[in-house]
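Below are two complexes that have chain A in common, paired first with chain B and then with chain C.
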Partner chain A sequence: MAQRWTITYEVFRKKGSHPPHFDRFKLDVSPDEYVLDGIERIWAFHDRSLVFSHACHHSTCGACGMRVNGLEKLTCITPIHKVTRDGGVIRVEPLKNFPVISDLSVDMSLLYQRMEMVGQRSVLPIEEEGIPDGLLYGKEQKSGHLRLADCIECGLCMSACPISATTSSYLGPAALAGAHQHSIADPQAASLVDHADGVWRCHSAFECTSVCPSNVNPGWRIMDLRKRLISSRILGIFRRL
Partner chain B sequence: MTAEKPHVVIIGAGFTGVATAHDLALRGCAVTVVDRGPIANGTSGRTHGLLHSGGRYAVNDQESAIECIDENLILRRIVPQVIEPNGGLFIALDDSDLEYGERFIEGSQACHIPIEQISPQEALRLEPNLNPKLLAAFTVPDATFDPLRLALSFAATAKSNGAHFRLFTEVEGFITDGQGNVTGVKVWDRAQDAHGEIHADMVVNATGAWAGQIAAMAGYEGLPITPTPGVMVAFDQRLTNRVINRLNVPGDGDIVLPQRMMVVVGTTSFQIEDLDYVPVIEDQVRQMLERGAELIPALKTANIRGAYMATRPLVGKGSSGRSLARTFKCFDHKETQGIEGLVTITGGKATTMRAMAEKTADIVCQKLGITAPCLTRDVPLLSYRQFYILPN
Partner chain C sequence: MDEATNKPSASNWLTWFDARRRDVGYWAFALNRITALGLTFYLFLHLGVLSQLSQGPQAYDHFIAMMKQPLFTAGEVLVVSAGFIHGLNGIRIALNSLGVANAFQKALFIALMIVAILVSFIFAVRMFTA
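Right, the complex of A and B next:
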């Protein structure tokens, strides 16, 4: 028989203007189940008032990002055995740096506004994704086919970013990575983020890259954008001479 | 006195609900969409992501096949921002597949699905990870879509035309006129933990696999709907650029489709009692790997990234989900149960969401005396991001 664990979910709760608190739910789980499966079961069988966001359950939609034991995770692909042990606890909280709608759901309109503003492309050939050579995911070949962009706009990077936490006007890693992707096809796009709340605000913590579930590598992209902007400025000086 | 727009409440923010909201908003209705969760939290969000060419149904369910190819071409045109439009292949691996191929050619012609037979060598050149033992291959105009973004694009466009969304808001019951006719819904806003009522000139039950439960709240227990889940398994390598189908009668684990940096293998077909939580069955996950690897042997070297269940709403009551047609059905409960004010739309497939909405909106408009025609075949949809950006 498959292995079963008993674990406790500690779930952040927030309704309307009431102060937030945590509720505890003891669950019988398979260690191979995903964190989101447990949350959905809490809603289905224990507490129908639990609010959480989810859609695709396989890491293509970016809806189910949460903080799991303090770290940003896409809960649909995070197996329970990776974040706790038999008898252990899973503490789930909403993403940081976004307003909480209720419980585990946040309002990410600001992220979508910024993605739109930088012109991040949602469908494109992989050649124009801007992935550095050698970092292609698995065995994927460059082929010219159109493909959904790697960034699933899940917001994990904005939640983990120490600058986004202190500076709300900072565009944040996802939008800067989106500007980088756009600039592969149209180099002018880099100028959209060439300002103090854009590419120059980042302090190179690389928290974004470490939490990204989708291989976007925003930290590397921000650094690459800086390089591109500096090169074009230096070239500009020579052109004027 | 100014004539107010008729108010339609749509229950369900899955594919059918958001497409119906879009259609009715364009025809001049005031629309409110209520859902107990966020957009596409049920079956819609968890679909395979296959924009069907219709090839899968060309032999056994030609009505669905024709709906699929017609809608496939429309969606490619109105919402390219969520689609990987790379086509698909049907491949034969044994004699039974080759035999089926003859019927597949006839069926595809009958359903005007453009297919082309290519040599196994050509198929391997296009998709090097195919099983090298393939015996025959046909190209079809399949595609892949992003499920949530497809729903959001319809919802965003509906919102831009005035539709209002009440998410995390669960319907607890119907408001009736004392004679059993529906005049609105009683709701529980789960985010605020507040109860309320929304009055309506017409209510549309667009809850897919849950449509029977909602119809029962209005007093109709017998809606012919068979919720039929199937498993999907996502692998961490994009091993193909086209959708790969087994050239045979639809069965388990016979579709492998690319999506972002992954491939997804599906699916199975069984029946359940409790719709709100369908556990992932480990044997079915193993079956997907084994069956999928017959098409794409390199799957054996990939890691499972996610495994999940989605529950199809199949119209009818039958012994086997595979034998039920994939077509959709709209019920005017005035006609069937004498309940005025309630229309149910269910069945169908993601690919046919727009057509389902058109049929539903036709019935709603006819009942409300609205003569405006359907415009959704030609109106390009907004960016999915606009759903979050536009004011509600």
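Right, the complex of A and C next:
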């Protein structure tokens, strides 16, 4: 018989102007189920007023990003046994740094607008992904048929970034990674983020790279953009001489 | 929609120091801020100490004698440690920003912090035995 765990979900609740609070739901689960499965079960059998975003269930749409026990996770690919134990607690909260629509659902309009602003392409040939060998995280290795550079616009990096928490004017890791991707095809695109709230606002916490579920590696992309901009400025000095 | 909940704000600055469950880079980020605040505080403290000069040699000598207590020496060791941690971490950030060793930023941070601890220990021994 398959193993069963009894765990408690502590779910962030927020409706309209009412103050936020946490509701607790005790669930009987398989440890191999995903965190999103439990949330869906809460909605189906315990509280139909729970609001959360999800769609594909296989880490392609980026809709189900949430904070799970304080860390940004794509809940559809986060197994329960990775974040708690039998008898343990899973605290689920909405992503930080985005306005809460209701409960676990946030408004990500700003992220999408910024991605468009920097010319990020959601699909691109693998040879334009830009990440050199050796910089990929996880088990995957670079090969012609893997999609490793595609940002799924889940917003996990924006939520994890400490600078995005304190200023809304900072473009954020996703948009900067998009600008980097765009700049591989069009080097002039780097100038779109060459300002105080762009590539220079990053403080190198690399938490964006740490939480990214798609190997976009925004931290490296931001640093690479800086390198390119510094190089072009230095070369510009010599050209003027 | 409640715009206020979760909105980025300068008042969230305390979250910078909450590195629980975060990765090495975030700890480096938090440590850099803590040491920067500590060093800034020390700078003002230092200026305050220097202002003792204006109250005559006796007041200054009395203050310096107090500063030689072990508790204050321990504080000075902390200042030296903060200087090394902040400085070496800054070198890591500068290297990363120039595109150097980005793939090894975690290892680089750990290595530099080991250097900072070793150097701080040498300073501590010398300061307490001087």
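Brief remarks follow.
We take it that the second predicted complex is superposed on the first by the 225 of 241 C-alpha atoms of A that agree within 3 Å, B and C clash if a C-alpha of one lies under 4 Å from a C-alpha of the other, contacts with A are read in each partner's own complex, and residues count from 1 in each chain.
Heads up, the rule we're going with is that a contact is a pair of C-beta atoms (placed from the backbone, for glycine too) under 8 Å apart; a residue touches a chain by one contact, two chains touch by 3 or more.
What you see is a predicted model; the values in this text were computed from it and never measured.
In the superposed pair of complexes, A:166 makes contact with chain C only, with no contact to chain B. In the superposed pair of complexes, A:210 makes contact with chain C only, with no contact to chain B.
When chain B and chain C are set side by side, the one touching more residues of chain A is B.
Within the superposed three-chain model, A:56 lies in touch with chain B and out of touch with chain C [touch as defined at top]. Judged by the touch definition given at the top, the superposed model places A:16 against both chain B and chain C.
Residue contacts after overlaying the shared chain place A:196 against neither chain B nor chain C. In the superposition on chain A, no contact is made by A:234 with either chain B or chain C. Contacts of A:98 after superposition: chain C is touched, whereas chain B is not reached. Residues 16, 101-102, 107 of chain A are contacted both by chain B in one complex and by chain C in the other.
Within the complex, the chain A residues that touch chain C are 14, 16-17, 20, 69-71, 94-102, 106-107, 134-135, 160, 162, 164-168, 170, 203-207, 209-210, 219-220, 223-224, 226-227, 230. Every residue of chain A that touches chain B in the complex is listed here, in rising order: 2, 15-16, 32-34, 37, 40-41, 43-45, 48-51, 53-63, 76-77, 101-103, 105, 107-109, 112-113, 115-116, 122-123, 137-141, 143, 145-150, 152-153, 214-215. Across the complex, chain C meets chain A through its residues 1-3, 5-10, 12-13, 15-16, 20-26, 28-29, 32, 92-93, 96-99, 102-103, 105-106. Touching chain A in their complex are the following residues of chain B: 37-41, 44-46, 49, 80-86, 128-129, 144, 146-149, 151, 168, 170, 190-194, 232, 234, 236-239, 241, 258-262, 264, 274, 276-277, 279-280, 282, 298, 302, 305-308, 383-386, 388-389.
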